[in-house]
Amino acid sequence: MEKEKPKIVKKIMFVMRHAPHGTIYSYEGLETALIMAAYEQDLSMTFIGDGVFTLVKNQKTESLGTKGFVATYGVLEDYGIEKIYVDKQSMEDRGLKPDDFIIPVQVKETSEISALMEEQDATVPY
Amino acid sequence: MLHIVNKSPFTNNTLTECLRFVTQGTVILLIEDGVLAAKSGTVYSSKMTETLKKNEVYVIKADILARGVSPIIDGIKVTDYEGFVDLVEKNKVHSWV
Amino acid sequence: MKIAVQVIEGPYNNQASDSAYHFITAALARGHKIVGVFFYHNGVINVCNMAKPPQDDRNIQKRWGELGRENGIDIVACIAASKRRGICADHVIEGARVSGLGQLTDMTIEADRLVTFG
Amino acid sequence: MEKEKPKIVKKIMFVMRHAPHGTIYSYEGLETALIMAAYEQDLSMTFIGDGVFTLVKNQKTESLGTKGFVATYGVLEDYGIEKIYVDKQSMEDRGLKPDDFIIPVQVKETSEISALMEEQDATVPY
Amino acid sequence: MKIAVQVIEGPYNNQASDSAYHFITAALARGHKIVGVFFYHNGVINVCNMAKPPQDDRNIQKRWGELGRENGIDIVACIAASKRRGICADHVIEGARVSGLGQLTDMTIEADRLVTFG
Amino acid sequence: MLHIVNKSPFTNNTLTECLRFVTQGTVILLIEDGVLAAKSGTVYSSKMTETLKKNEVYVIKADILARGVSPIIDGIKVTDYEGFVDLVEKNKVHSWV
């Protein structure tokens, strides 16, 4: 899709803190990320708290009758969103490890995530 | 009595609060994000294991599958929406929304 | 057994609508009577007839209308909650209606169980 | 208001668990209670968790520009809702005591509230 | 300074709309520019023009329209989120509009700060 | 950096999670139900007192008044919406919604 490219490139981080399925935040948040990806900004996505459940493998929503949107997170990289961070403590508190996720992620310490947040021009929380 | 909880125990204190009011014979049903409490190896799982010594805990299978919750804590019973209905038939209900 | 259902969150935004729907269809399959479904708080959004979700997704609002029509279930959204949010006034899905909190009271009194989803 | 009185009298408990103002549950919940009061049922209201903040004295919403509905809880008794229970632990955890409330309440132990819940024909959670 | 605002919860149900409104009026009083207000998730309910809240209460939706018209602020609700919830299609308050997530992107890029209320 | 929190710390873990990411110089602004964390004598107040040793904490006066929160913990600063705007002007912002 051809877009008139703005000259400004900003650092924008999506901060995902909601579990998938119980509420729509991680689904509609993904929609935002995919649209924003067309604007050639410096995007990243960080999973904190229950947000880390979003990327868990083997989510099967057929028996709920809802759209299984989580696989779509797999296309983030194709859309140029390559910086995917997971908060280590959130992951460990929930009994998860990097292998449990559908895509490769960068597991970060609390202090590293704080530093990344401070670098951003804007954070978009969902 | 049947207590229904639909919130994640990692984000919200609803399940913890509910468990305080549980007595002998109370049945707990976890639905929606509430089923995240059924995952083994989390910071919440010992609380669930403790609860299972005195109370029955059920989870909705469709919610477990949707979230890829695995493995689940030993002793938690997996049911479907018809099982949910049966629990409601057998017990008075309180929804901890 | 007679069961009343209350839903207090909006469709799609929260899973409450889906859980309530699956619970009700299972209750009907088990031969129970659903005395009514009452929508309150943001739950009133469940009866708006203008939903156009993505084609590969369920249409929650339409599904409530069908459930009401096909099973003779009273599907009611609270009028005060609807007015405050400015929705659904002239756009209530066929098979549902907008009415007062007295309907929730009637359902609760008539039913053996009230189950709330939120 | 004349209502045709149903012959059934059920025990119905409102269980209020939300703080006021941040969300509408305690406000719209009160609306339900006042309507249901006209049906001559055996009603009670129990405050658990952040619900205990609902009845706190000296709530001044003028500078928020919102309706100060909390005073309306004061009419519950006039509407025949006389059983107002407060969960003791919720109250103490939040640094509150019975004097802090706008109306007289019955402070109950956890086990007493459990027993009261089990007596009900229906609980209405807001 | 240029500020963009996002609101992700519905009016009355959550205080987010009120906080955002008070924040914006204070920002205008301080001489800042509001580059836009974007409504997402249940926040889209903020722009429905059929609200009839009790007479002694504020009319949040109307207030957003006035804020947009009187201050030339772009007030936008997400179209995908609106369609899913089935609301506001032909009932958008004067002074607001329904559009895509590109608007949120534009606002975020243009602004020095994005503040989200939810 | 300014962290904005609008949820009650008694119901939701948002503030606790936010405080984990706070560093030297981070400012915390409590709004809406978040101001309940400013009440003294609660099970959460020692956590706030600890936070105040390293960080500035603000609350919105209108939110404090609406909830009758009193007394508030020593050292917490009370501000209004214009003060909120000034904090946003001085700091990058993250909203913990």
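For the reader, a short list of remarks on this structure follows.
Letters A, B, C, D, E and F mark the chains as written, and numbering starts fresh at 1 in each.
As a working rule, contacts are C-beta pairs under 8 Å (C-beta built on N, C-alpha and C of every residue); 3 or more make two chains touch, one makes a residue touch a chain.
None of these values were measured; they are calculated from a predicted model.
Listed here as common contacts of subunit A and subunit B: C, F. Where subunit C touches subunit E, the two copies mostly use the same residue numbers: shared numbers make up over half of all numbers in play.
Chain centre most remote from that of subunit F: C (centre = mean of CA atoms). One finds 28 Å separating the Cα centroids of subunit D and subunit F.
A separation of 25 Å divides the Cα centre of subunit C from that of subunit D. Residues of subunit B found to touch two or more other chains are 6, 10-11, 13-14, 32-33, 62, 92-93, 95, 97.
Across the assembly, subunit D contributes 17, 21-24, 49, 64, 66, 123, 125 as residues in contact with two or more other chains. Multi-chain contact residues, meaning those touching two or more other chains, occur in subunit E at positions 8, 12-13, 15, 22, 41, 54, 57, 113-114, 116, 118. Those chain pairs judged to touch are A-B, A-C, A-E, A-F, B-C, B-D, B-F, C-D, C-E, D-E, D-F, E-F.
If you check the complex, the residues on subunit C that touch subunit E are 10-13, 41-42, 45, 48-54, 57, 61, 83-91. Against subunit C, in their complex, subunit A makes its touches with residues 21-24, 64-67.
Note for the complex: subunit C touches subunit B at residues 1, 3, 8, 15-16, 19, 22-23, 25-27, 29-30, 32, 113-118.
Of all the residues in subunit F, the ones that touch subunit D in their complex are 6-8, 10-11, 32-33, 36, 39-43, 45, 61-63, 65-68, 70. On the side of subunit F, the complex with subunit A involves touching residues 1, 13-14, 17, 20-23, 92-97.
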